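Working notes, structure below.
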Amino acid sequence: MIKVSIVGATGYAGVELLRLLCGHGGVEIKHLVSKSFAGQRLSEIYSNFSGKYDFVLSDLDIDEIVRDSDVVFTALPHGASQEVITKLYEKGVKIIDFSGDFRYDDPEVYEKWYEVPHTNPELLKKAVYGLCELHRDKIKNADLVGNPGCYTTCSILASAPLLKNGLIDEDSIIIDAKSGVSGAGRSTNLSNSFCERTENMKAYKIATHRHTSEIEQELSKFASKDIMVSFTPHLIPLKRGILATVYANLKKDVTDEDIYNIYKEFYKNEYFVRVYEPGQLPETNHVAGSNFIDIGFKVDKRLKRVVITAVIDNIVKGAAGQALQNMNIMFGLEETTGLDKPGFYL
Amino acid sequence: MIKVSIVGATGYAGVELLRLLCGHGGVEIKHLVSKSFAGQRLSEIYSNFSGKYDFVLSDLDIDEIVRDSDVVFTALPHGASQEVITKLYEKGVKIIDFSGDFRYDDPEVYEKWYEVPHTNPELLKKAVYGLCELHRDKIKNADLVGNPGCYTTCSILASAPLLKNGLIDEDSIIIDAKSGVSGAGRSTNLSNSFCERTENMKAYKIATHRHTSEIEQELSKFASKDIMVSFTPHLIPLKRGILATVYANLKKDVTDEDIYNIYKEFYKNEYFVRVYEPGQLPETNHVAGSNFIDIGFKVDKRLKRVVITAVIDNIVKGAAGQALQNMNIMFGLEETTGLDKPGFYL
Amino acid sequence: MIKVSIVGATGYAGVELLRLLCGHGGVEIKHLVSKSFAGQRLSEIYSNFSGKYDFVLSDLDIDEIVRDSDVVFTALPHGASQEVITKLYEKGVKIIDFSGDFRYDDPEVYEKWYEVPHTNPELLKKAVYGLCELHRDKIKNADLVGNPGCYTTCSILASAPLLKNGLIDEDSIIIDAKSGVSGAGRSTNLSNSFCERTENMKAYKIATHRHTSEIEQELSKFASKDIMVSFTPHLIPLKRGILATVYANLKKDVTDEDIYNIYKEFYKNEYFVRVYEPGQLPETNHVAGSNFIDIGFKVDKRLKRVVITAVIDNIVKGAAGQALQNMNIMFGLEETTGLDKPGFYL
Amino acid sequence: MIKVSIVGATGYAGVELLRLLCGHGGVEIKHLVSKSFAGQRLSEIYSNFSGKYDFVLSDLDIDEIVRDSDVVFTALPHGASQEVITKLYEKGVKIIDFSGDFRYDDPEVYEKWYEVPHTNPELLKKAVYGLCELHRDKIKNADLVGNPGCYTTCSILASAPLLKNGLIDEDSIIIDAKSGVSGAGRSTNLSNSFCERTENMKAYKIATHRHTSEIEQELSKFASKDIMVSFTPHLIPLKRGILATVYANLKKDVTDEDIYNIYKEFYKNEYFVRVYEPGQLPETNHVAGSNFIDIGFKVDKRLKRVVITAVIDNIVKGAAGQALQNMNIMFGLEETTGLDKPGFYL
């Protein structure tokens, strides 16, 4: 049994991770740290955990956590995350981090987009970017994994095969992404109150959203140069789900069938990536509650452009599910353990 | 491994059952019968099943089903259900039925409320009413279980302890029930289209809903006489969830603490019933996606009345989950197998 | 032109009143007071007002308001409302108040349910309860109107004809009310955030909600004695709309046709009350965005009980619309001015 | 008073037009034609019209309609619309058509995208494309107006100033559009049922949606050549609202301030177009229930690309509201009559 602790257990990502861990079978929950609710039972905040799977929440005690845990998931705001992780790492425990703090190859990129200094660039060097389908080999031996962002996971997996196969103009990528509201976390922000958000939608942070930099870092690895992408996030009145619509100009004459074959080949060993046949397009309820990413596409011959649409559950494949997938890889378990089931649909 | 088939597999209850069966561990899916989609893959209708858990849908072949199955779940409209079940039963297979056809002690009650003749009253006598918490002993040895309705499961479990303990005027029970839209099944009914149903609510079938008769049949067993209840269903703009608010006049002076103790005692061995402490009230997202029923209450001293509120997921504890719970009981498995995990919350 | 000011203009009730005033034709907006946003343009908070109907928000200046206004609408929290209204009233201006502070015949009832002292019981005596259909004559000459609560408006109008005609056991009234989330105001409360509220429902404040006392005060006037009612509010995932389901035991043998005639007669002169024919039941989207209350019913002969269902838009007939209706009455205008149009449906 | 009839009155666009006409003040409703509901009262289908604004629905009687009406709104499926309009036109009455049948300059474009022959190309030549802000002068004297599509209105008004001012690469326009479900009409389509649509989103008809051709026709008029655009529609779980996100490559170095000035200048006389200051972005609830289009934008200097976001209410500015605006223009009324009020917000 892998001994697991979560720091920041009562946010949406933390509690979803816990839900998934309850169905994993190979883990033992040790400490659930919640600054806001230390001393309370989890079921007082999330009544769905009432009963057999209830836990007591605790304060942050680094020594105790390190002593009792094989792996710690940290789900803290960026900045705060660096501090805690530095301490955990020094004492020797594997860490999977949900924040943006350990996702970057270059601390300068982090500092530019997050507008704060990185306090531990040495540790950043040792961290592995946890996009499982693309960095599996490094994750296997990692001690610290920067779990990818939700928009980024969806956008990168949707786009990588196009770049890898040299199909598109590398400067033409536009990603129009739509997210459910849980992506904003468990927040009392007025603009995310029910009456302001239901029956409403908007774009936000155009050209400035932090996930842009993460997407660019990873996609550049499939390109012949450092590339930049247009990224526009939108807020949509649903809870779970991201839909990314990716546009790119084709350099070659390809058919839907060609694209299909290229994606099938690229993801041929990937359980969690489902490529749709030409004519089919994914919807977010196909993946809600699951760790899958579903990908469809359409070649627009008139414009010599390809459009990819990809969907994930933002708090599963976009957060807690991928974190668990990372844990499975790091500990040599079957990668799909606790994650292989179909989603909710309803 | 228990060999399982489902007849009517592509309705919401059927497909939810399948989702739960995928996480059960002790079953093998044999036949998934769908009149509308025979020959297609399940994933063509429900893309969430794409991949490892995909299945091919088939036509109804009674002989083949009986030969290959230990248990058959039938999720057909009432009337149609009787026909198929009569044939299945004769050939010797255990059956769990989602329709109203085998829920009644008395065929006349069925005929009055369903306004069709019962074509197999002999078989009806052998059927067991599958409200697990109340009829566990009979279910153990049953060959045919009539799986309870969604409103009824919630209403009966919410009310039974009051009657059992002689606390209330038996003629004073009023049940005001609110349901999500999935209770209406996978339907193209205009009034259940998105634009007609979102941002809208209504009462319907006041004093005439069929589930009234099922509630009365079961609650009468806890009363000193045959009782009748007011039952009003409402349609609410959400997918999963029933909230039943039960009103009854108290015959005795009791406190919230008394009610709490009575419910805790009544359900002391029940994993799936969670009784809330005084001052706490359940919400449907506490149980969404799970087989739990959560029950809260409030004594109104001014009026000498008690108000109970209970919530379930209508397609889990109100349909597919309870059906699986019944299967576990019938086959001597741990009753919570495949059903013990916390729900979605989000 | 009637000169109008609003104190507390940027809450949901205030801004809805403003929306309705824009279509009234006989008013001139003078001051819009908003403590939080004084100095800003309304459109900075509510972009729908951008353009011709934009206004500048101001601080509270009692003298200026009184000098410039014929009538002031106050939409402040209870307690705060008393203070401001005392000052406004002394200087001589007509007032329509949205809070609970001036709705009661007896300050003790207020103090018991609101758990704060009433600081101006003398003024309370002069206030008129602004349920237009029932107190029109007094409202005509009122200087201070306590605009009714949302649940109360719906519950009282749904129930009054039963009591007036001596049809029901006066101790048997149970009101099960369901409200959209805008009833909670523009709030940053976590439990009203989108992710906590969508796909969720709950009962709350059972037997203790303040509107209970208002309902009892008014319904007692139609009974032979002071009556008490069970009142249970529920929160439902939609924005606009209240549905009240009223249960009462019949003292006489009546038919649906009888009830229909009694309600038609009771409301024969009421533009805003629409009584449904037997067999029809109202839905909240029939009244959304309008000042109507739609009422349906069903006699349950088996149980000798009647069930009434009534729907309103909680921020129109339950707040801003009725306030405007009160203004029309107080100033001798046609009562339906600015309010007679059909609602949104969609 | 302008005498008005509607053919196809009980679809969502027809009934929204009727709602707007009730507040117009200068019209008299003559005939409301509904094939499905002829002989019934409108309130039987849309209870919000119960009372003073109720009407009786009738069968199609061309002669009667022409005799009694100054203008006829036709809200029929394409193809069916041509037939009826040909007859109406011959008898001499002004017509505003909601279908795609009379929106095209060239019948071949219609035939290519709608995949049916145009049966009256002569009449098509006389029709005027009713995008009011762009074709006001022609509309003034038109006898037949092809009222624009919902996606098209939003996309064209969002993009035209960029092309007009030669700011962008004319081959680089990508429009990612998101629509509420009412855009699909009042339909019993399973995929638009509540349970399939809520908590779900998808792209559909990528590169093949008919509105693409309408957008291209109009935008080409502002370009130096016939242009093509990428257009991707998405279905979002809300009722009213379209959000179009437009991407284009800049040919010049411009700032947000430059774009703001260009849009303000372009729309300086347009009541219904609200251009947002740099840093502000529109949301669909800013325009819900109103005839406004709100436009925001962001220059992405890194990529030398501009992103425009525009929102409308798809059944008001995208259908019924613009139709009424067209009527006002055709009859020499103040263009904003019945349309100038702020939207719902809530």
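Letters A, B, C and D name the chains as they come in the text, with residue numbers starting at 1 for each one.
Criterion: a contact is a pair of C-beta atoms (placed from the backbone, for glycine too) under 8 Å apart; a residue touches a chain by one contact, two chains touch by 3 or more.
Quantities reported herein were computed from a predicted structural model and do not represent experimental measurements.
With centres defined by CA atoms alone, the chain at the far end from chain B is D. Simply put, of B-D and A-D, more C-beta pairs touch at A-D. Here the spacing of chain B and chain D, counted between their Cα centres, is 46 Å.
Inter-chain spacing, taken between the CA centroids of chain A and chain D, is 38 Å. In chain A, the residues that reach two or more other chains under the touch definition are 12, 182, 195-196, 198-199, 237-240, 282-283, 285, 288, 346.
Listed in rising order, the residues of chain C touching chain B in the complex are 174, 176, 178, 180, 195-196, 198-204, 206-207, 228-230, 232, 234, 236-241, 243, 245, 247, 281-285, 288, 296, 298-300, 302-303, 305, 307, 309, 346. By the touch criterion given at the top, residues 12, 181-182, 186-190, 192-199, 237-239 of chain C touch chain A in their complex. Residues 12, 15-16, 19, 22-23, 46-53, 182, 198-199, 239-240, 271, 274, 282-283, 285-290, 292, 294, 315, 340-346 of chain A are the ones touching chain B in the complex.
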